[in-house]
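One chain, subunit A, appears in both complexes that follow, with subunit B as partner in the first and subunit C in the second.
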Partner chain A sequence: MSFKNVIQSRMSLIAVLIAVLIIVYPLGYSVADYISAGNAAGEKPFLERTAPEITQCVEDTIYMRYHHWELLHAIREDVVRYGKRSEVSLNNCRSCHTSREKFCNKCHDAVSMKPDCFGCHYYP
Partner chain B sequence: MDTSENNVATIEPDQDNPIAVPPAEGPPMYLESDIDFIITLQKRGGDTLKKCMQCGTCSATCGLSPDDAPFPGKEMAWASWGLKEQLLNDPDVWLCYHCNDCSTRCPRGAKPADVLAVVRQESVINMAFPRFFARWVNQPQCIPLLLGIPVLLLTLALYSKDKLGDALGFSPPTGDGIIFSYSAMFPHWLLNMFFFFFGALTLVAIVIGGVRFWKILDRSVAYRLPGDRPRSLFRSILKVFGNIITHKDFSTCVASRSRNYSHMCVLFGFGALTVVTLWVITSGINPLAKGDFIYPFSFWSPWKVLANVGGIALLVGCFIMIWERGKENEQIGTGVYFDWAFLSALILVVASGFATEILHYIRLEPHRHIVYFIHLVFVFTLLMYLPYSKFAHMIYRTIAKVYAEYSGRKVS
Partner chain C sequence: MDRRDFMKLAGGTILVISSGTYAFQFLTGSIRSATGEGIDPNAVRWGMVIDLTKCQEGCTACLDACRQENNVALHGDPKLDVHWIRKVKAESMIGNEVQEKSILLLCNHCDKPPCAQVCPVQATYRRHDGIVIVDHHRCIGCRYCMIACPYNARQFNLKDNEHWANKERPKRSHGVAEACTLCAHRLDVGKPPACVEACQNVGAGAIMVGNLNDANSEVSQIISRYATKRLREELGTEPKVHYVGL
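And now, the complex of A and B:
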């Protein structure tokens, strides 16, 4: 039997094997990850407070965790569309969260978020 | 189970006439023709059934039909006579894979494959608990109601999430890793409880349906073959599961060859999504996931990749199935409502799931929450109407195949 015939007669089995491999792979990956990490709780994300001079943010931590980007959107709308410049600006944020690398990007990278603001705008 | 101990009259095998007919004893038997049932079958998509002239070509051509009392010939005869009891208590319809080999060879264009599909729908309704609900699920005019139920229930659950959370001690999510997820609006504990509750109700309905079907199989004359059981129940189950996974019976189809692969895509895609879902909802108690479990997943996390690949496979499989049905062919039916409803539900679940994912990445607020809500509604309709829709084939066909192997009805 030629190679082509073998492939054709075993087509279903090959498809099944590939599917099972794809489905089992993440499980194996997680197990391997767990074993290699030992009993350590894994890398705890993310946020690093680099200059905690001011302890009070504009909102509480949980609110900021979920909605900070809505505030940023609102500020951008006000400035760009309506020319209203409020008291709150990125400069205020920067006084605590001095580093994008150490603060913002840690979470954004982990969940594949790519905010497009800072491609143009400066944030230290 | 030894048949000789049963009180039911056992049938001696007749070499000349292998079709098992109950012996003529006592008063003559009159066939009760149910004309309403014929009309129902015709309305549901078996409109060609009266074209049958009972030549038996379909039974002869079927690659899955057993030698004794083969289908779909006898079902076609019962259908045109309107023998409702026989049809609804006939497990053979579940051995059929709707591959259309019979329909393409039918000299009269009676489409036996489609008629069997409609009979399967009727037997799903007959075995379902509660029956009236199964009737609703299989009526197109009930779609607003069927979608309205999950909309109402989900809205209620979300409306009372704060009070419920306080009462049950679930605080707003505080995990370090949860940043931009849907769980701010739809907390995971709420969705888990919601779907576990209704899933449990569905499981009850599934078990009741399965028990009803097992009783039908136990009563069925064609399945009570003389002689020893060829294999134990456990080995029959193993054999059937091997068969289902490798699609062995599917690959015997000639007329609709690609159904083999489209069903593989759908089955394994659905399997992949189920595995990921189980991984996510058990993350709280799963030691493998607990340490660095971050939700939402990164796009290149193996679990996210599996979910995306599974969703694409499912979608591709569904579209191959639609393409198959759309092909110009007078002999092959285009499917019945039972069929299309399930296929549409699958597509809507996956499509709304991908829409949710895309809106998550492009950060459209509040659109993404609305789309996620719609996705949850479709997931509810797919999973919770399982025992009443074509999804029930997962239960009944598996049971029928196991029993066929176990009883020696079909030894493959």
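And now, the complex of A and C:
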């Protein structure tokens, strides 16, 4: 059996393999990138405690890490659409998380996500 | 009728009914929210009275206060500058006599706001207390509202605003339309708008804001006592800025 015949008989298998590679590539790339970056400099985003005496945010840390933007959206909806100006606002976050450089930007830069908040809202 | 025709007919009927009801709800819902229908008649309905007979010639206290409070962009270039409240000279001819009058122009917070009706993303809307406001988070900068507004009250940010006078309040970056918000953030906490306060501090007291649904409020009293006019009433937009001595 010639090489050409082998290729032809395994055509479907090769196609599937290529498809799987294309799908897995970005995931694998980011995992590899994360591992190599972590090993090289240990550069995980690290948030500075700017107000050490306060240990508890409005929700626990892991919730805030993944869902803080949902809370911000909810506040925004209340204020902009319904005029309910409660105690909780972006301005209140400032009392503990004093600096954008030390707080928001650390993670957002690490994952290269650029929030639009600060084009209009003041945060030191 | 054979099986195939039956299936076609049944499927078609379901499709037409479901899409039809959805489209009906979607369309009437957006129109209703934009025209302010179905709102509580006893709720607060903010309105403004501007007494042009008390307004002082050459005074710009309200304009400056507005700029200071709301970080309205002033680049020094008339093409880029944004004005939420303007003082314009209007001329009227009676016979051969030309009368000049300076008039304050701002968003009229119409009860049937054309700007809200045309907004394709419902960024502009009428709040439950009658204030017409732009959600800048949602605005895509298409400028339909500027074309729709018969009062030319809408302005567009062609450039980022670099002056940030009042850090407690947001400024606007380029690409969004904006207009007077009747200082909704101040009314919500029980304070009068910045222009009203400035006008009182100057001693003129020409601008008043109050609840139009309350017959005892200052603005309702003035409207019932004096012959007040609204701008371009014939368009049926139901503006809520009333002028004395126009």
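One rule holds in what follows: the second predicted complex is superposed on the first by the 82 of 124 C-alpha atoms of A that agree within 3 Å, B and C clash if a C-alpha of one lies under 4 Å from a C-alpha of the other, contacts with A are read in each partner's own complex, and residues count from 1 in each chain.
We take it that a contact is a pair of C-beta atoms (placed from the backbone, for glycine too) under 8 Å apart; a residue touches a chain by one contact, two chains touch by 3 or more.
Only a predicted model underlies this, so the values are computations on that prediction, with no experimental measurement involved.
Colleague: Looking at subunit A, which partner touches more of its residues: subunit C or subunit B?
Modeller: Partner touching more subunit A residues in the overlay: B.
Colleague: Looking at the overlay, what does A:Val31 touch: subunit B (first), subunit C (second), both, or neither?
Modeller: The first partner, subunit B, only.
Colleague: Who does A:Phe3 touch here: subunit B (first), subunit C (second), both, or neither?
Modeller: Neither partner.
Colleague: Between subunit B and subunit C, whom does A:Tyr66 touch in the aligned arrangement: first, second, both, or neither?
Modeller: first
Colleague: Identify the partner contact of A:Gly83: answer first if only subunit B is touched, second if only subunit C is, both if each is, neither if none is.
Modeller: second
Colleague: Where on subunit A does subunit C make contact in their complex?
Modeller: Subunit A reaches subunit C through residues 76, 80-85, 91, 116, 119-122.
Colleague: Please give the residue numbers of subunit A that touch subunit B in the complex, ascending.
Modeller: 12-13, 15-16, 19-20, 22-23, 25-27, 29-31, 33-34, 37, 40-47, 62, 65-66, 69-70, 107-113
Colleague: Would you pull the subunit C residues touching subunit A in the complex into a rising list?
Modeller: Going through subunit C, the ones touching subunit A are 125, 127-129, 133, 135-137, 160, 164, 167-168, 170-173, 184-185, 188-189.
Colleague: Can you list the subunit B residues touching subunit A in their complex?
Modeller: Touch residues, subunit B against subunit A: 172, 174, 176-181, 184, 245-248, 251, 260-261, 264, 268, 271-272, 275-276, 279, 287-294, 296-300, 302-303, 305-306, 309-310, 313, 361, 363, 365.
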